[in-house]
Every structure is written in structure tokens, then in C-alpha cells.
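Paired with chain B in one complex and with chain C in the other, chain A is shared by the two complexes that follow.
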Partner chain A sequence: MGYDINFGWTGTIGNVTIGATKSEGGTRSVSYRIGGGATLPFLEKNLQANSPPLIAFELCDNPVYWSPIVRNYCGDLLDDLPEWTKTAEKTYGADIIRLYLTSTKQRNFSDLPAVGKAVETVLSSTGLPLIIEGSNEPKIDSEVFQKCGEAGQGERLLLGTAEASRYRSIAAAALAYNHSVIAQSPIDINLAKQLNILLREIGVQHDHIVIDPYTGTLGYGFEYSYSAMERIRFSALKGDADLAMPMICSAIDSLTVKEVREAEPAVQDEIAATWEFYTGIAAAVAGAEIICVRHPKTIGLLRKAFDSMKTGIAPMGGQ
Partner chain B sequence: MALKALDIYKLLPKKNCKECGDPTCLTFAMKLAGGKADVELCPYLSDEAKSVLGATTRPPIRLVKIGVGERSFAVGEEFVFYRHEKTFYHPPGVLFRVKDTQPADEIIAVTKRVRDESFVRVGTELKFNGIAIENASGSVGKFADAVAAIEGTADLPLILISGNTDALRAALIHCGTYRPLLHAATKENVKEMCAIAKQHGCPLAIRAHGLDDLAQLAKECCAEGVQDLVMDLAPVSLGDFVTATTTIRQLAITRTAPELGYPVYLDTTLTGHEDAAIALGIVKYASVIVTSPLSSASAKAALTLCQNVYTDPQKPIQMNPGLYRIGSPGKDAPVLMTVNFSLTFFTLEGYLESTRVPCFMLIVDTEGLSVLTAVAAGKLSETLVRDAIRKFDVENEVSHRKLIIPGYASPLSGRIEEATGWKVLVGPRDAAEIGEYLHEEWK
Partner chain C sequence: MIRGQKTMTDVELAKKNGEELLKAKVATIKNSFSYEETAYHLPISFALTGIQVHDPKAALDVFSKTGSNPIVAAECILADTTATKGREQPPYTGFISDTVIRKLGYSLVDGSILGLALIVGKPRGADAAAAICRELQEKYMLTFLAGEIVPTLTDAGVKLGLDYRLIPLGSTPQYGIHFVDIVARVAMMFGGVTPGDTSRLLAYAAERAKAIVIVFPGMSDEDIALVDGMRVLGFPILSLDGYSGGEWIHSDADDVVRVGMEKKGIRVNVVAIPIPMGCSPAFEGKSIRKEEMYVEFGGGRAPAFEILRMREPSEITDGKVTVIGPEITDMKEGSANPLGIIIEVSGKNMRKDYEPVLERRIHNFVNYGEGSWHVAQRDLIWVRISKEVVAKGIRIEHIGKLLASKFRMDFPQLLDAVSVTLITDPEKVNVARKEADKVYGERDARIKGMCDKDVSTYYSCTLCQTFAPNHVCIITPERPALCGAISWLDGKIAYEISPSGANQPIEKGPVINALTGEFEGINRFVKKASHGEIDRCSLYSVMEYPMTCCGCFEAIALMLPEVNGIMVVNREFKGITPSGMSFSTLAGTIGGGAQTPGFAGISKNYILSDRFLQGEGGIERLVWMPSQLKEELKERMVKKLAEAGKPDFFEKIADENNATTIEDLTIYLESVKHPALSMKPLM
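Entry: the complex of A and B
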């Protein structure tokens, strides 16, 4: 008789383009168009809409503020931003680079030209599209995002992170230089919607917004994030255009939770990658289309999993 | 489609005989409508009424119990597609797979591990559920010996994996009364497998690729009198698994295809990417998950994901309000106030422990709300903080009068100072930064 699933949904997740190639006015070797889904992740029959989630590798311009686990694994690379970036692309196999401007965490930080330079350094070290995670201090938001926006002009960056109490500077930079914005709300579908409306009201277009519902890491509130993502995806498919944007998942606490931080040195890398992996793949099933990780080993695990999600690959045995 | 209680009531005898255990036919009807009672409890129903009611009042996914005794587990009886619609009720059983070709001491070691290993997270003990033993040798005697070795080591739920009914019969001599799951009935052997399952009262796995074939097998098993079934979807890829399991869940809970209303079985060892399969199985409705004996990394991550996904989203997990000690804090140690949402508590506690600064955590009762939500909902107030300081006698525990509050509670800092007379220091929003904060700000 043929069993088929039919949800009767009418909505579609909107598209967002990240990165710009030469023909698109930038210098990236590749650009991505995410979104477009019309049902649950990994259920699409349309292969075009079924492209796997993107894997973003997170790095930073001042590694003092980075996990010692990454420091142990990557070693001196952390002090060499161009090499770290190149390695993330060539060796680790990331799809996107996400640069955290951790230098802005220093007290009374004022070296704004260095911010623009960090963005330029990463841009010239890789052909991959970029996510830039800006200022850590509201007082300098305006200048920092201005510098980032300018340095990445034409490159269709994804700028982070706008919050309900703090979105004007980032939106201004995105509008001025045609970048997109990450809109983060604290694990709540209504707040996510509200922020998207606020952004729209000051001129940020639908196709320039990526939703970050905030990802609590595995064992530390992940279930709330997982359900927030499912709800957002569901509402979007039911036709709520204010929630019909792609989502990003970044469980930034994954390497600092007790289970990972206190792991035996011999297995710490494995535990770190496993923790990021379980969080990332579950988020992908809930609807996240960009999965951010900090441990290089996680990238390969996610890549292999996403490949084997494609129907017909990786045949499974009998009894 | 589901019937309403009143529609069901019309089909009942309306005798109010109480023989079903309910005081009236109407209360019985209400239970049936909620999937909380079985039509068989009513002795006076006509066969016709039973067939009408049976399909619409039993839980949309059958409850199947595997094993007996303390470690037995039940799966199925789920009602929703998304956990946020209500909750998922029965977390999957995760069983370690061994083969009868392995040396007995290896099999016994894995059995002991499942028997003894546990992790405590958020106050709950997490364990693996049992052993899946495969008849890889093809030998009847070896299979029976391996099962005997497991049974001699622990009382754990078992899955007997063999296509050879003689091997199953031999193994069941050792465990036949303990409700092991038999794997698997296929098109070829369904009658014989049903006979064994029926004889021993065991749950039975059915295995086929394609939902039509699965539904057909399930019908044949029911006709043979075996209804405690789980379904092995024999997926050809992880994507295929996700599609099939999602389809089954949707069709079962909407009662569009009641013949598919059984728990799903997933053997992750066959997938080529075990961690991925485990994670997908957990979030996408697998109820019996077979894995190889996992590394400590995968073991913890898998059980934690299970716990997360099967946490009831309707109930915030709470801590008892009070004054908690990190290390052995003295009279001059810092006091950090936060809410009684357990995740907030455990996260902050973890970071505080790693700072190695002895201190006090003052946990106030926000009814399990997080800091952000408690502030927004007005559940965290200066009077609550003042009363907690009094109730838990904080003024006698420390000689100073300084209180560190969470960054997200900063709007309350002035009012807390006024109400308590303590100096309020606004800490970081993110617990991860508490170590740095204490080292810089706490003099």
C-alpha cells in the first residue's frame, strides 16, 4: 500500500547566502546558500534542499581566552592566526571559519585597527566564507562591527551576535556592507521571533538573518535548545515567516563542562570531540544548518556522519 | 482516528459493574480515550465493539517489556512526535552486543561492566540496560554456552540474535523465563519464531526493509498470537533510518497506520558510524539500541543525550534551596547567590570547584526557573534573597557582608542592597567566567 509521511506543511525556510566568490563580488573560493528546506532535516526528497549542514571551525585572535584542550591539541598554531586558519581549511576540513575577536575581551581594549587587521588576516589565509564574532564589550560594539564590516566588504560575512538588548551596531554594520547577522535569543521561540522583527524594522532583510536559539551543551540544558530548534523549524514550516530562517548551533561550553574538562589526559581529546559531536548531530536533526565546533577532531566525525545520512551511502549489514 | 470518551462510552455495556477496576463505565471510557486502559479489562464487550475500540484506544505505540526483575525495562507507549508537545516517556534501552565466538571471559567481562557501571548526572543514576548476544558461530551449543555464561554472571535483560531456531531454543533453556527479546523474525521464519516467542512469552523483533513488509510481518505475528513486537527497520543508511523511523512515529501516533505501532529497534554496530547512529537513534525514536561495548567517551555522551531528550520538558528540575559549600569555606569566603534551577546549580558548582576558591553558594527558590527567566517573570526578588539570607543563617557563616549575584540579575542589585544591607557585587553572566571573576574581583 505504500506508507508515506505527509505533514501538510506549506512554509519553507528562507535562504541565506554566506560568502561571495569572485563572480559575486568577493574573493571567496566558495559561497553557500543555506535554507530552502520544506520539511524536517534529512527528510527532503529534493536533493538540492538536502545539502548537509555546514561545519564551522571556531578560532580566535587572542588565544589566552581559548580552551586549554584546543591549545594542547593544536599547539603553537594558536599563536599563528594565518596558519591556524589555513590548517582549519586544509587539514581539519572545515566548511566555514568562525573568528572570535577575543582580543576585545582585554580590559579597556582600544586597538580597533587590530580588529580590522585580524579579519583581513583570516580572509587572506583562506578561501572559505567567514563568520565574525565581534566585540565582547557593548561600549565598543559600534566601532568593532564597523571595522569588521569594512574589512570584509563584498565578502558576504555572517556577523555575530545580535541580541534583543544589543543589535543596533551589528545591524548597522551589516546594512552598510551587505553582510548577514546572527540573531541570538535565550532558548525561547517567542524571543527569537521578536528579535527577528526588531531586526527587520531597522532594515535587515529576511535573507540576511540566521537564528541562534542558543545551544546549551550536552548535559547542560541541551534538551531546551533541542526543543527550541524543533519548535522554530516547526513554526517556520507551518508558515510563520518571522521564524523561517536557517539556524546556527554553537555549544560553546562543550569544552569547559566538567565531563570534558576533568577527563583523563589520555582520553580528553576523544571526550571533547565526542561531546561536541553528540551535541552537533542532534542539533542538525532538530534543524541547525551551521554546526560550530572548536575541537578539530569533531569536524571529521560530523563530516562522516552527514555523508552517511545521504540515502544509499554506507550500506548496513544484515543480522 | 482517536475516539472521544463519549463515543467510546456509547459502545460500553453501561452496567457500572466495576469489574474493570473503574467505578463507572464513563470513567473507564475516559481512561480508554487517553490510552490509559485496555479494552480487554471489560468482560462484557462484544467482539465487534472490541475490534472497533481495540485499534483506537490502546496506546498508539505498544508498551513492550524486556527482561524481568530490577533491571528490566519497558519501551513504547509514546504519544507525541515532538518532546515539547508533552514528553517522551520511555527512554530507549541501550544494550551491549557480544558474539558467541568471543572467549567466555570476554563475554563475562562485558556482562559485568553492564551490571556494575553507572554514571550519576543531575542526581540520577544512568546505566546501560543489558546484553545482546549474537549467534555468530552458527553453533547451537556455543550459543547456549554463551547465554549460560551471561546468565551465570548477572540478571540483565538479553537480546538473543540468531536466525537459527534450534540455537534459540537451546539458549532459552537458560533464560526462557526471563523475557529476552528474540531477534529476529523475518518473512522466511516468521511462523517458527512466533511459536518460540509464544511458548516462552518472549517479546519478538521483526526485521524487514520497507514499511509494507514490516506491517505485513507485524500482522502475521499478531495473527499467531505474538503482540509484544519491536521493529528492526533494516536501514540501508543512517538517512534511510531517519526517514523510516520518523514516518513510523508520525503514522503510529496519528493512528493512521496502527499496524506500525510498535517500538523501533536499531543495531548501531552495523552502521559504520556508531556514535552517529546512537545519537540519531536516541533523538529519533529508537527504543531498543544495540551498540558495541562503548568507549568511556561514547558511553557518557550516549547516556547523557538519553537523559536530556527524555527529560520531561514540563517540569523544571529543581534543587533544594539552601547554603551549599564548595570546599571548606571560612568566615571570609565569598558568597554567591543563584537560583534553584538544577542546571544552573550544577554548571556553577562545576566551575566553582575548578577555581579552587572555597566559597558558599546561596541557592534561592525560584521554583526551578533559570536566572534569566526568573528575573523576567519576577520570581527572583530582593525579598526572596533577604529571606534566604535569614533562613539559612548566612550572617553567622561569614564575617563580611558582600553578596555576588549572577550577571543577569544585575537589574536587582540596588534593591537587594537596600533590602539586605549587604553590598552587592554583580558577577558574570556566564558561569564559565566565574573563576576569572573571583580571582580579579574578590580581594
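Entry: the complex of A and C
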């Protein structure tokens, strides 16, 4: 131990604040400031002083569209959004709650007030900062994001997900109600940069953007994501301000890959969590500062791993 | 003071008088006042000066600080009037709350509202006014109304309200001031304008706020002073009739919305391209392999070219796509076919100089298609269309539609009309290509005569970073981009058209090595643009820190240490070169954005440049070129060599007819006493 690894970086990852406490104008019990890295992940001189990546637990307002594995494990919780949220915070131990407004997936969805209500429900069920995944349908983007933004005014939400062809509504909601934006590009550093520039030109400041490089699941293209993330981080550290934002990763396909889907029922939860865990830990090593998971069991695994990386002491089974 | 139909109001005179009247009124404000539901006080005064105006003293202070600005006066006077007389009854909205502005601002950023319009005055007839409002609604504008326009419209049965995007602010044109306070608040909420930062506010209003003002007759001098004051914010003031003089734009009812939107650069965008395949930059990096392709065009297997020409507006029909010759359905699967892509454009800001720059975009646009692929440029293009999209119904015609739509979408400021002709008939492709060749020649001639030492600014090109992420082309007057499609002049123009695009100006800075063409400014830029990968770049050397290569180079220059010389092979040459490798093998070795000492991707024209091989001792290093390339350059090269006092050098350059291996080449070079053999060792 104790290598002095100096790459001569000139850049630093910018900071993004997620969540707002009472003194910051919101109602959250905690707020996070992510970013600020000046070298590669886990190579900081003083590892102890650095916060490990945050773990976000993903849930949704219409569980019809959710993984049966999570349904089996969590049971009726899925039908009770406030309870599910509370359990995610208190029992599962998540750092952030990420709400997917899956209700907008319904054909001809038009119950827009329900969108605002779902956001409010989750806000009142937890003190954790929130990530809100808005509309699934470009036609209703404008109204959905307006509602999300309004419902979370003052809470410094992280709103998802902006893409090059679809970013105006999210940007507008972020600007109007002071939230931040997840900017997703399809595993391509140049498109990531382009989107950040587009967002900047519309008025979203760099300290309100989190990059989502798009995460393929382990064994299903994760290596491409890893490489894109590495290059984004390199560019940022070399001084490219348009890429110097923290990253978020969510390998949402982890629970649907064949190995997990077709696992023996007795070990399915374990395999699911393992799959999410290894994707998540690899993403963290590549530079992600928010790791999103859907299986509750993954949270503990990640937490343990992050702690051990911080102390340099391998968990059980390590060398 | 409503004027009769025949009387013309002189805007200049009325404005002067109106300003005096407003000035006198500001001084008479006695009470304190404030609007509810806003955190921005009197928003215009607050944005301009940072002062929170709520009483007569502050009002006078801001009025004098802003140089007796009539807008500030009107804002203070109306706030005072509202405080004393109360708000007007519905439908009039009066001052609009922050909550509503936040939603409006959202729609502006979101694009569901394209811009803002204010209509003031008294229309002579309801029909024209209603028609203008309807047109504004159809064009996604949010319209505010102040003065007698409101009763005129309601009497004619026009529905007003936020839902109809027609908002009646108040009963007199003075309520038009709320239009400005909305823009001021949007600037502070969304534009990051800090209160008191006047210059940023003005810049925001002029560049970002898409606002226009339409003036009907019947305005008092004070109203005219207020409306004219809005010009400072960059809002075009369009008057319909009854006004003369001043700097208002005189228009008529049929045209006023179009003229106003055009003046302010508000465009109704084409959003979807009506073709049966996806079209997005996300597809740009994909390639279509031989097994996946249905048909291909050009690529050395059939004649093909592309050209973009500027025409008179009367000569072209916007969006028209013509296919001359067989469609895809008439072509054999897996076949190579001829293709001519002719794009004709017109636009009032278009210039002939822009042609080659726009032409280069054909490359990107075709690649945006989910199942269409494009490489190279001019008469070297190579296009493939995949089986998958042909099965979905993609035809040649759709490639034309894609191009026509993308050009309109991406260059709205420049192009008003685009038409596309695609030729697949072999005879006609050949005829049209001859004409295109002439144009390419003219373009190349235009830059001739300019020297690198004459300019201090070169241009970069990072267009290919989608394929080769760390590649940076440096374009100088004597060294065109390695693809041959962008000259220094093109780079300059591309930068003018799109200042944040792929072509950026670079101050070359102090010289590090004049012979190899290494400059401090260039190195600094290359380091940054290559994401830190490349530290040094010499513009005139193949051996030391040569420029990186993407994959688009027209030719490759590479050293042959055995003969102490440099050979050049062009893309069209299919055989094995004396280096033991074919063009495609070489291209695979040096592309992708790498810097490979001893190898350089170059354009064909660069061979004729005085800077070519300067770092290695000049043109006399050139030992081998394919005969076809020699033929292509012969006329110009022989002339140039004669002028340089080397009339017999051209014949000393070997080709595949006298040397296909390094051994043959050595023998040939010795037999002709090639100067490279006796030059300073390359390595």
C-alpha cells in the first residue's frame, strides 16, 4: 500500500447538490454534495475523508411494470408506495430514493395530477433526497415534468432523464424549480458532451447536471459503459469542463438477464443481488457516484464493499 | 388623442413629447405601492438597477439612474395607479404573479411556446386583428394584449385567456409594460440575470427573449414613448398603419406576424422526418458491413459524387426530392450502383462561399439514418443502405427527404429552401459528375495563392471525433483538411455559421520549429482538443509529431526508410504499394485518431502545396505515387516543378508500372538518379 499515484490531472469533477434540508429551503433530513473528485475513483490520498458512492433504491408508482423478482421479495409493499418508500429508507438503508413514474407508461395516460401526487407521497414518506424519473412518453413530457418540478419545488430533486432528442422539458423543469438533471447518452463520450452543451445553452448550469453514460448490465455490454465512463472521467480530469460532472449508473436490466430471470427460485434473490452488486461495484470503480439498485439485498452488499474499499480491509472472502 | 384614419403620426415627434409627459408624471407619484405575488418588486426597475422600488423617492432614483428611461417611468406610474385605483376588472389580468411566470417560462424553455408577442392600439377592423391573433396562436406564440385591441377582439367573439394563448393585460396600452416586466422576470428566473446587471439583462432580452411588438393605430404620445422604449430590449416594433418616421417596421396585416418572427429569428421547426427509419446522431457512429448491406453506391466500385449548390429562390421548390434513374427496388441485392447527390439551396443569408461547408454535412446527415452509411466526400463518396431498412420500406427517395429535412432543421438561419436530386442512372451520373468536378476545381482555385505565413489564425476540425475521438485536424491555407473537403476558407466560414461547431479558430502563436511547422498555440489547442492524448503536432512533417488521422484521408504519405524517401498512396488505388501494404491495410494501421510517426493522412491537393514534406526536405522526398494520382496531379504539378526549377523531377517519381516492391523501387530510383537517395537520412 501507499503508492503515490500522480497523473498530473488538471481538472476536478464539479459538485452537484441533491436534496435540500430545512436550512436550504427544503424538507429533507439530509442533502448530498457529490462530485469534487480530483483523480480516479478510490485513488484519493485520503480515502477516509471521501464519501463512498451513494446508493439509490429504485421504486415506482405503478408496480405492474416492475420486476417479478422484486415483487416476490417485497410482496405487497409494492402496492403501498408510502410504506415501500419508508422501508427503503429504514430497513433497506438506501441513501436516495429514485421514483419511476411508471404510471405514465399506460396507454393514453392522462391523470397528470396523480403524477404530482406520487412525488408528494414519496416526499412525505421519507427524509431522503429524491431522484424522479419522469414521463415515458414524449407527448406528455411537458406536463409531466412541469408537475414533477412543481411538486418538488425547493427540494433540489434530481430529474431524469434528458437525452439529446428530449431534454427541453426536463431542462425547463430544472430551471423553473431549481432542480438538477440526469443527462443520458448512449455509451458515447461525444454525445455525452454534446448533451451537456445543449443543456448549458438552454440555461442549465453545469452544477445542475449528472451524467448517465447508460449502463449495460454485467455480461450484457457493461464493458462498453465502463470504457465510456473511464473516458468521461479522464477527459474531465484533463480539464474538459463540459464533461466534469458526477456520474450516475443504473443497470436496470440486471434483473431481467437470462441468468437472473431463469435462476432456481431458492437462489434467485441471491443471484439477482449478486448481479446488481457486481455491476454496481464496477460502475463505482469506473467513477459513478450514485449507484441505483432495485433489489433490496444489493444495498447491504454494496455498503460493505464501499466500506472495505475505504479502509483498505477486504471483507470476508477477500485476500 | 385618438387620431383620424388619414392622419399619420410621426413616431419621432410623438416619442419626444411622450417621454416628457412620462417624466412629468413620475415626479407626481405621491404614494407607496407594491405588487403582491412577486419576489421581484417592480421587476424592470429591479432587474435594471437592483433597487427595490416601492415609493416615490426610489422611483425617481431609478428613473434618473436609467437615464430617464420611459419604460421605467411607465412601470412606476402604472404601479402607482394600480395601488391608488385598484386592479382592473376581469378579463384584464393586470400584473401577473410569479407562479404564472414560472409556468410561462417553463413553456418557453420547453419549446411549447416559441415566443411572445404584444399587441397594442386600436385596430380599424376586428377581422384583421382576429386574423393576426389566430396566426400567432397557430405559430405557438403567446400573445399579450393591451388597449382597445381587447374589446375589439371580444366584441368579435374571439376567446381570450391563458388557455387560448391570448392574454388581455389591461384597458390601455400603458398596461403593455407588464409584457416587459414578464421578460425581466423570465430573465432573472431562467436566464441567471442578477438584479442590477443591466448589460446582461439587455443581452438576454435581445438574444434569448423571443419577443415582438405589433402596434395598431390610435396610440397616445405616452404610449408611443413606452413602446418605442422597448426597442432597447431588441424587440422589433411592427406598426400596421397610421405611423411614420422613427425606427418602427411598417408592415401590413397579412405579413406582420411573419415579418416580426423572421426579424426576431423565431422559427417554427420541422420536428419529425417523414421516413420509415430512425434518424438521429445516435446512429452516426455505426457502420454497415457487407453482409448487412442491401446495396451500395460509389466506393470505387461505381461512379458517385455529391455536391451542394446555391440557387436563386425562384429556381427551387423547398422540400422537393427528385430521383432520376432506378429505385432501390430495381437494383440487385448486394450490387454497387452509381449515385449523384445534388443538393440545391437558397436563403437570404446563404453565401456561395458556404457551399463546401454545407456540402460536408451530407456525410453526417446520411450517417444519422439508422440504416444508411456514408464515407468520404466529393466524387469519392461511398454510401451503403442496410437490408433491414430496405425491408422497412426505405427507398432512395427517403435519403433525399432525410437530407432536405436535416438541412432545413440544422441551418434554419441560413436556408429557406432545400431541394434534393438523386441520380442513379449511370449515364446521367457521369454527365453530372463532370460538372461537379468543375465546381470542385473552382473551389480549390479560390484558396490558391494564400500562404500560411500570411495569417495568424488557423482552423481546427473535429468533425470526425464521432469516429476518432481524439483526432484533430489543423487546417491552414496551405494545408487543407486531410479529407480534402475543408479548406482554410471553409473552416473560417464554418466558424462564422456555427461559432460553437467543429471548426474553431486557433491562434498559431510563437514558432517552435519553422521547418516542421510546430507552433505553441497549435500544440496547446491540440492537447486540449485531443483530450490530452497528443502533446505536439507539426504541420509540415511526416516523421516528427505528424498530425493525427481520423479515417477520411484522401491519401496516405509514409516513409520508406530503404530508399530514404516518402511515398503517397491514394484511396482509389487498390493494389499493393512498395511498402508491402495496400491502402486499406495502411489506413487500418494509422486511423482512429492516432499519431503515427512516419505516416500522415493527407489530402491530394496538399501534395501540390509548398509546405508538403517541408520538414523532410521538400517535394524531392517523394519517391512513389500510383499512376492514376500522378495523372490527376500531373498538369498542376509539372507546372509547379518547372517554376521551382525542377522540370525533370516529375518523371523521377515512380508508380506501380515501374515499381511494385521496395526492391524494384530501389532499382528504379537509382536508375533515374532520384534526389531522395542523396538527401539527409530520414532516420
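As a convention for this text, the second predicted complex is superposed on the first by the 304 of 319 C-alpha atoms of A that agree within 3 Å, B and C clash if a C-alpha of one lies under 4 Å from a C-alpha of the other, contacts with A are read in each partner's own complex, and residues count from 1 in each chain.
We adopt the following convention: a residue touches a chain if its C-beta (ideal position, glycine included) is under 8 Å from a C-beta of that chain, and two chains touch if they have at least 3 such contacts.
Keep in mind the model is a prediction, meaning the values are calculated, not measured.
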Combined model on chain A: chain C and chain B, fit or clash: clash
Partner chain in contact with A:Arg231 - chain B first, chain C second, else both or neither: both
First (chain B), second (chain C), both or neither touched by A:Gly216: first
Partner chain in contact with A:Ile5 - chain B first, chain C second, else both or neither: first
Chain B versus chain C as contact partner of A:Pro186, first or second or both or neither: both
Touching partner for A:Val285 - first (chain B), second (chain C), both, neither: first
Partner chain in contact with A:Ala164 - chain B first, chain C second, else both or neither: second
Partner chain(s) touched by A:Lys139 [first = chain B, second = chain C, both, neither]: neither
Partner chain(s) touched by A:Lys90 [first = chain B, second = chain C, both, neither]: neither
Chain A residues touched - chain C or chain B, whichever exceeds: B
First (chain B), second (chain C), both or neither touched by A:Lys258: first
Offending stretch of chain C which, after superposing on A, collides with chain B (from 290-298, 308-316 or 596-604): 290-298
Interface residues of chain A shared between complexes with chain B and chain C: 186, 231, 234
Contact set on chain B toward chain A in their complex: 82-84, 121-122, 134, 161-163, 183-184, 207, 211-212, 215, 234-240, 242-243, 246-248, 250-251, 257, 260, 270-273, 275-276, 279-280, 282-284, 295-298, 300-302, 304-305, 307-309, 311, 313, 343, 346-347, 350-351, 353-354, 372, 432
Residue ranges of chain C touching chain A (in the complex, touch as defined): 102-103, 105-112, 189-192, 280-282, 285, 465-466, 469, 500, 528, 531-532
Residue ranges of chain A touching chain C (in the complex, touch as defined): 142, 145-146, 149, 164-165, 168-169, 171-173, 175-177, 186, 188-191, 194, 197, 202-203, 205, 231, 234-235, 238-240
Contact footprint of chain B on chain A as seen in their complex: 1-5, 7, 40, 42-43, 186, 216, 218-224, 226-227, 230-231, 234, 253, 256-259, 261-263, 267, 270-271, 273-275, 277-278, 281-282, 285-286, 301, 304-305, 308-319
